[in-house]
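Each of the next two complexes has chain A plus one more chain, namely chain B in the first and chain C in the second.
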Partner chain A sequence: MMRLYVEGIGLLGPGLDGWSASRDVLAGTTPYVAAPTSLRASDMLPAAERRRAGVPIKLALAVGQEAFLQAGRDTKTTSTVFTSSGGDNDNVHAINGILATAPREVSPTRFHNSVHNAAAGYWCIAAGTHEPSTSLCAYDASFAAGLLESATQVTVDDATVVLIAYDHPYPEPLNAVRPIAAAFGMALILTPRKTEKSLATIEVDIVSGNGQETAMRDAGLEALRSGVPAARGLPLLAALARGEAAQLCIAYLDDNHLDIRIAPC
Partner chain B sequence: MLESYTTNIINIVNDGHSNLQPLVISRYTLANSLGLGSAATLEALRTRRSGLTPCVFEDVDLETYIAKVEALDAVRMRPDLSAYDCRNNRLAQLCLEQDGFLAATEAARQKYGAARIGVFMGTSTSGILQTELAYRHLDPQSGALPADFHYAETQNSYSLAGFVAHYLGLTGPSFVVSSACSSSAKVFANAVRMMAVGVCDAAVVGGVDSLCLSTLYGFNSLGLVSRSPCRPYDAERDGISIGEGAGFVLLERATAATSPEAMLLLGVGESSDAHHMSTPHPEGLGAIMAMQRALSAAGLQAHDIDYINLHGTATKSNDASEGKAVADVFGNKVACSSTKGWTGHLLGAAGISEAIIAMLAVEHGFIPGSVNTNRLDPAIVIDYRIENGTGEIKRVLSNSFGFGGSNCSLVLGKKS
Partner chain C sequence: MAASAQEKELAQLIVTSLNLEMTADEIEPEAPLYGEGLGLDSIDILELSLAISKTYGVQLKSDDADNNKIFSSLRSLNEHIQQHRPK
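Up next is the complex of A and B:
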């Protein structure tokens, strides 16, 4: 069992404009109203980088920044784990189009933004951190993989880690073969010890076999959870919003799942 | 008070510690343009036979050299995994079949159980070539992708780890690390943590990257591709040569029965540059941190290292930055070389492939030099070797640095 403490939370999704603004919706005390994700480039970035930022960079920096502001923690001393099923999907689509016909002129910015760790690279520059950064993908299980990796870093390396998960839709024709419901990001700052800012304790285990996945109570939020790999973490945010002890199941791979217990601090 | 949950719990231990418990390298294998299996790579290194050839790949019209695995066209995927058919997974399958790797992982599966072995893979572009080719055959009416296009099993970054886990029959924790050219070095760190926390008892780590148009035209747009075979650390170096390759390592915990001569993973160090997306920190700040952290995790000093396999991409900026960093940490007393003149830059597979080359140096008392390098850059003051050498090599360091400023150094070798 790995035990972590949540110190900061960030969220950006359709009708979920920040963790603070969405708490009551996730707690079930205010109805969820879907609306397009309010994407904006982070003021953490210099102007030149801000112009080059695609959707994943906007998502990652927005949720990361919200979590750090809440925790009042220095971004320079925090390790990072980024996880996404895709990457910059608009950019990947554009590059495939460019490469399909001559002349194959891929711009330098398009190319370096196409790497899976582009959001991590921009974050490290904006945050000024030299701490380790890991960029993961596990298809639909990308959130679970990110949480598991973060938990091992907190536990084994005694590190403070920010987990940043994000995904957004592909344009057609890739959307038809890999539909992703919306642009969504979430962040959790996780510490190895309880601090005066700790919001909750999380215990994480990987367990063999398929579990009964914890669903969202609201149908709209459940559609978001099941329609976006990064949003598989929503039940965790809902439990944090309710401020109650809870036990959750998040599916991982074919033959295992994560068992998660949450208790408010 | 949280209720303890005991049913079917896989992980047990949390023994938080700072130094790395060395892991045993039980088996390794690699495949690249030098040949299939580790003996082929060793032989090519010894005879100074480079795998770089003028670029003939699909309809690419760039004047450059590539390091290609010719055997890939003939590979047939295992029938139950035919949906995974793409250049990257063909290379993965071909590599898994070398060096007795399948037998070794099967023995580990019998010993620990499939659920107790993790699969952590690095790749930068996975099966993107499949998508590049599919975009040439979109339905003229609907714009749809061809019906036989399998996104999850080819283009998606996780495709590689999914394929390897299925091919080996492993069901433990698994993911892909995709941080450009550091990807398959960083997977060693993931395995270390997963095993330390008790989530698994063994791990298959590795990496595969294969030729595609995205990287050839992408690196070309950045002005980073050489028209000649790449010349690492040469005063006249002018860019990379792109290659394709695969490598895998089986990691287990050391026990009382472990031979004192066993090959070990002694240390891993990770850092971020926080400088630029596609240019390394000019003073090698992130590289210095990664190397120092790897030495610290291994409980070793700079003089304990006998050979450094450099990242050495042969771009102006990488070699200058890495050279400064190595000089800062090691001075000019440790033999160094980049083997990319042989293999080309294997991108997401560079970390694992060069870790294996570094282990071959230990096993065979062999120091690879540097092919294509003619005149060393006088501004870089390290013991860079052009000619091959021999000698007792006990411990080696391997550097991998990627786009986005993602750095990872590994220390491998014998304990005593």
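Up next is the complex of A and C:
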């Protein structure tokens, strides 16, 4: 079992415009109303990077920034774990289109944004950090993989880690074969020890066998959770929003799952 | 001297292809494009070269000894394009 502490939270999704603005919705005291994800380029970025930032960069930086503001922590001294099922899916679509059409000259900006750790690169520029950074993908288990990696780093390296999960839809025709319901991102700042800013304790275990995944109580939020790999972490945010102890199951790869226990500090 | 119609067209291509946070009218014809001035960097110059190749049929090579002069301003870039575009 790995035990860590949540110190900051970031959220951006359809009808979820920030953690602070969404707490009551996630706690179930205010109805969820879906609306397009409010994407904006981060003011943390220099102008040249800001104008090259695609949807995933906007998601990742928005949720990261919100989490750090809440925690009051220095971005320069915090390790990062990024996780996303697909990375920049708009960019994949655009490059495929360019490669399918003569003279197949790929835009340097699109090439620059095509690596899976592009969000990590933009974050490191924006945050001015040289701390270790990991970028993962694990299909529908991308959030679970990111949480497992973060928990491992917090435990083994005694490090404070920000976990940033994000996903957004492919344009057609890829959307038909890999539908992702919406643009969604979430961030958690995780520490090895309790601090005066700690919001909750999280205990994480990897367990073999398929568990019964924890669903969202609201049908719209459940559609988001099941429709976006990065949003598989929504039940964790809902438990944090309710401020109650909870036990959750999030599916992991190869018929394993994460058993997660949350308790407010 | 104010921007010519050709320079305005090129300025619009620069703004659109680089997603600049400014309008084409705000690009001074004689102001530096690279570094100080418009603040473009090496990725921007590559991106712009691709856009110019597609729009005007003029190939700009990364090893051209005259690149500093060609990219020194909107005016010099436009002059180069007009001299080298296919008739």
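In this section, the second predicted complex is superposed on the first by the 265 of 265 C-alpha atoms of A that agree within 3 Å, B and C clash if a C-alpha of one lies under 4 Å from a C-alpha of the other, contacts with A are read in each partner's own complex, and residues count from 1 in each chain.
In this text, a contact is a pair of C-beta atoms (placed from the backbone, for glycine too) under 8 Å apart; a residue touches a chain by one contact, two chains touch by 3 or more.
Just so we're clear, the structure is a prediction, and the values are computed from it rather than from any experiment.
Of the two partner chains, both chain B and chain C are touched by A:105. By the touch criterion defined above, A:177 reaches chain B but does not reach chain C. Residue contacts after overlaying the shared chain place A:256 against chain B, while chain C stays out of touching range. In the overlay built on the shared chain, the residue A:114 is in contact with chain B alone; chain C does not reach it. Put simply, more of the residues of chain A are touched by B, taking chain B and chain C as the two choices. Contacts of A:139 after superposition on the shared chain: chain B is touched, whereas chain C is not. Once the two complexes are overlaid on the shared chain, A:196 sits clear of chain B and of chain C alike. Shared-chain residue A:48: touches chain C; no touch with chain B. The contact surfaces that chain B and chain C form on chain A in the two complexes overlap at residues 105, 107-108, 112. Interface of chain A with chain C (complex): residues 47-48, 50-52, 105, 107-109, 112. Per the touch definition, chain B reaches chain A in the complex via residues 1-3, 5, 7-12, 14, 16-18, 61, 115, 124, 128, 131-132, 135-136, 138, 143-145, 149, 151-152, 156-158, 161-162, 165, 171-180, 186, 189-190, 192-194, 196-197, 199, 213-214, 217-219, 221-222, 270-278, 285-286, 289, 402-406.
The touching residues of chain A, counted against chain B in their complex, run 1-3, 80, 85-87, 92, 95-97, 99-100, 102, 104-108, 110-118, 120-122, 124-125, 127-139, 141-142, 145, 148-149, 151-153, 155-158, 172-174, 176-178, 192, 201, 203, 205-209, 245, 247, 252-256, 259, 261, 263.
Put simply, chain C touches chain A in their complex at residues 18-21, 39-41, 43-44, 46-47, 50, 53-54.
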